[in-house]
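Which chain is which? They are A, B, C and D, in the order written, and residues in each are numbered from 1.
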């Protein structure tokens, strides 16, 4: 199979190159880059020396040569390439936000006022979160499908809340998602916020109540709630920048409905540590929900999610806890933002699309350090 | 004035030594350490070479020689020294948890089942959060006072929630505190969790719903709420370890009462960015609350708290935001856990106790990097 | 094929487990650990959940079940296991220093006065630096061979100096190796020196003129020099600890013989940057020396070695430069200390021993971040 | 006294602002910035909120209002301001390279071909390394002096080699300086090399044999050697970037003359660890050389320099060792690159110039973490 990557020299693009070059089904790889056309990818990323050697072409050349095209471009410029692919019944897996929303108004409101240029493409495109939409993707490679690959924060946030929403254990009040991301999330272009001395040895929130991933998360949670005939929750999302390269840790606070609350303890007294009661029931519920998912790990009792347990892998780790009063579910999730949060998930989508083993090319064991 | 530090070779103790050695009122400094008795402090911390030279004595010698004694000991072993000080009408500023609780049951339940050995000492001791209890400390040096210096997490958490609680703008539901700490918070003793390769380049929560600082935070919030004749809130506290040396960033989610909510926006649409409405009112309320506090900075509109803005200083930075739905107040606070979260606050307490300028010895401008 | 790892829960052991579990020729994996016998490896390293599940046995059980045994033990306790293996004609790849020296006196002098307990085993054992001794290892699996896997520093240091020594371009004076290592080099046991707050945000040398890897480096360089009929050089080796997880960067200063010096420039004037003259000749010489080596990359003109270019891979990157006066060769090398510096090289040795493709199980492309 | 800073919003400029605002002799502070003229410094650096409030003026206004002017500008644009100061008999302390060289040819060759625009200013200007030129600076504030503040690398490198050169213990062969710097050394402007994901968790050399600080170091060493009637040494300088904010660690290899060598040991055997022989003699020689220096600390036997021991201070720590063969002196030095390597040294120069206590404003004890 022949795969192409448009925008191969950004971080997500280069990670795609790394993954696809080791993918057992990918026989040829075509890459493009506006900034570095004519260069070799291994000149831009000397990490690839002796392993990957590939010239950077024009996007059109990549599309012509490939069976599936990944686009790792800034928002708002990939639609025309998607149109080109669909015309040739080739699938297009877009890592930007351009195909994440059915509702153009939401996209326009959050993404610099941009309008869809090819509105018809958005009707049949699929939001590529496999745990939500696998059935809409599976085996459609012959037809040519546009997949909007999810944002990094929405992936870790949604997977942590899905089972609770589907099963209807959520009570009144907002679901609060407090997320901590590594700096690769900011992309490859140097900027003050990601300048080493400005972000090393420090943690800070940013874009409080105004991050573009907020509506994507809220939409995902609403869709899953609706699948269980439950109401859409209110969502509060706060991203933070942490001094690490990769990873997103999401701490998710979900108010429980009355029947799922543990008998309330005194605010001031410690809980008895034991694996029983509502917390254990809810963990079981999460395990059941994800029992066939190849990349979701519900952690055993006693562990919490940690970004260094999923490093370099496509896993999403999830841990389930009850707050000290028994009224709120605390879920922690960890993903590698470049893998399950971007390139890894895109490859997972390709695998589903082409009826490959969903784990093909994604079997890396999380690096220990 | 003569100051003593018992337990001078732990991280908080050494930070106290650094601060006290530069304090304009401290003429003599006496230090003790069980582990390193007979050594010089500058042998244990070569950073101090050419600046601080001081032999490590016995605790009893330190008490005998000092006008005020700081104890930076593990929990449960300082009471006898406190008793020794009070007998001589010397003040005792304790950085452990031993004097943070009036209610022995809470202490016992959370601190390894320990009982108070000198219950009478706890009647007159004061919880040393100046923004709460300054009036109970001020000028009492002649009498001899025991001060329980607050925990690091409780300091950053409480200061962020106090104005809302006092002013009664809090509505139904739990106050959720999601805190991210640097690794010095774990102390000087090597342990797997703080071994460089285990915590570098990673973020993870720990002791979810079971951290010892939970009851201290809940108690503080209840006390301040009561001062405004408001009910005690439910509190959920989740600590995280972040790969940085110093600092605690607390992101605090406070449900607003109906009258303080902004007209609700659609969950899926971006807020208009402007400094007006309820968010501006609440920022004003916070500014008023802290207007005379020397170490609390309410950040101007547009900024969030960041640990690298308070580094090496005794400041607590606070930013105030409204969630996207207008229903929840999002407060972020940043402190240096070794300063306002430990040694700096202890010196602040000493300054209050002795009627010194509260900023004496604590005027360091936050280091830029 | 069946592989065993004794000491599987230390860092090098766990990295071996990770590599061997993905190795195309390894069908069964047996692990032992004194500290965690009876546990599952995935309990100790939850990174492995859903990918590797393996009980920790006794060392003897591992030896009985395996065709090749890797030992990742502290120095001085593996000889008896080696003896057990050899008796059964099974090969033993030892990651400790126990089989790195023919000369027992050197071993004894540097390793706590320890004596060889099975001196006869050391006669036929091979120092497993493939670029030096591949021919002594290749295909010997039937006979049963003991391989002393090289130290991390000696690997990066030796590979950078070998071509110069073999080709006889080295002049008078010491070869100086200034090496910077990540913290995993210190192993998994917590210790003050590797406690996060003690080593983060700082660089420092340690064991100047007294590190155990010094004699191993000096020996390697002498052996290679002798292969070219050149005299053994004097070696100065200084290790440093840098705040990173993985990697060793070695900067190697090699005095050139008169004929290999560039026409000397003024000490105070900049060199003309161009890829010609002696520097280019020497780069060519290095390229030729390593042209058939699967894991050595001589970097193109303009690049220097960097630890983040070999991260998670078995590569040793090498760059070649001339000092400003043209009198000294400056070589920089980068390895991942856990891969080419430990577990990766051990697997490479296994591949050679068993006549497998030398790259089997070691094809990971260096992770970009 | 009134101090001015031109270029106050770069890293060195801002660090100057922080130091000068706490300096006991500085009563008024005037700042300028081309990029942010009209803003307040505390808007650019919110760290300064509540402590420093100062409008950013034009450079000319700063010069008019100040008794001494610090310039923290890019190379090649400060001369005209220096001229303006000298005309008014005000001193000018320049943190750029513009006044570091008497020899214009060297400056021109290394700094983009730039020529001196006011050659006469360079005749009386002084290279402001106090340990070399204090006597040329002391008390000259009335006359108006231009001081070329040294580069960061040259400071740490020169101080480590000076005693050996003055005392004539240096033998044949190059002095090799292998230096490791924190990322603030690259300044405040974002660039790929200093983008967090590109430099975190990695060490790499850069500008091998071609860094601009090379001729400054070589010149300094030649000057000091000449003071002892010794020949100028050949110098090799290799800078590295390490993942830390502040600090430079320099490892300096100095060949010893025959009489200063320790009786040579076998290359392969460990040295006896003891504080005696030539190493002890040389340490004594270093102690004597620096015995009156307020900011140089010769570390006691058993310690090495470490950047986290001088953090936030103006100290230069120096340790002295003998290589394993007794033929080479290994000196390690550590400075905070923003302090002794830039702003701190500039303030030290001001103190000398104005006959203040040389330590005024520079008494910070190195931060422990």
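The rule we apply is simple: a contact is a pair of C-beta atoms (placed from the backbone, for glycine too) under 8 Å apart; a residue touches a chain by one contact, two chains touch by 3 or more.
Given the structure is predicted, the values throughout are model-derived calculations rather than measurements.
For C-D, the equivalent interface among the listed pairs A-B, B-D or A-C is A-B, as over half of the contact pairs agree by residue number.
Taking the mean of C-alpha positions as each chain's centre, the chain lying farthest from the centre of subunit B is C.
Centroids of subunit B and subunit D (each the mean of its C-alpha atoms) stand 37 Å apart.
Remark: subunit A and subunit D have CA centroids separated by 47 Å (rounded to whole angstrom).
Multi-chain contact residues of subunit C, defined as those touching 2 or more other chains: 11, 182, 184, 197, 200-201, 243-246, 308, 311, 369. Residues 11, 182-184, 188, 190-192, 194-197, 199-201, 243-245 of subunit C are the ones that touch subunit B when the two sit in their complex.
For subunit B in complex with subunit A, the residues that touch the partner chain are 103, 106, 109-110, 172-174, 176, 178, 180, 182, 197-198, 200-206, 208-210, 214-215, 218-219, 222, 232, 234-238, 240, 242-247, 249, 251, 253, 255, 267-271, 273, 304-308, 311, 319, 321-325, 327-328, 330, 332, 334, 369.
Those residues of subunit B lying in contact with subunit D across their complex are 11, 14-15, 18, 21-22, 45-52, 184, 200-201, 245-246, 297, 299, 303, 308-312, 315, 338, 363-369.
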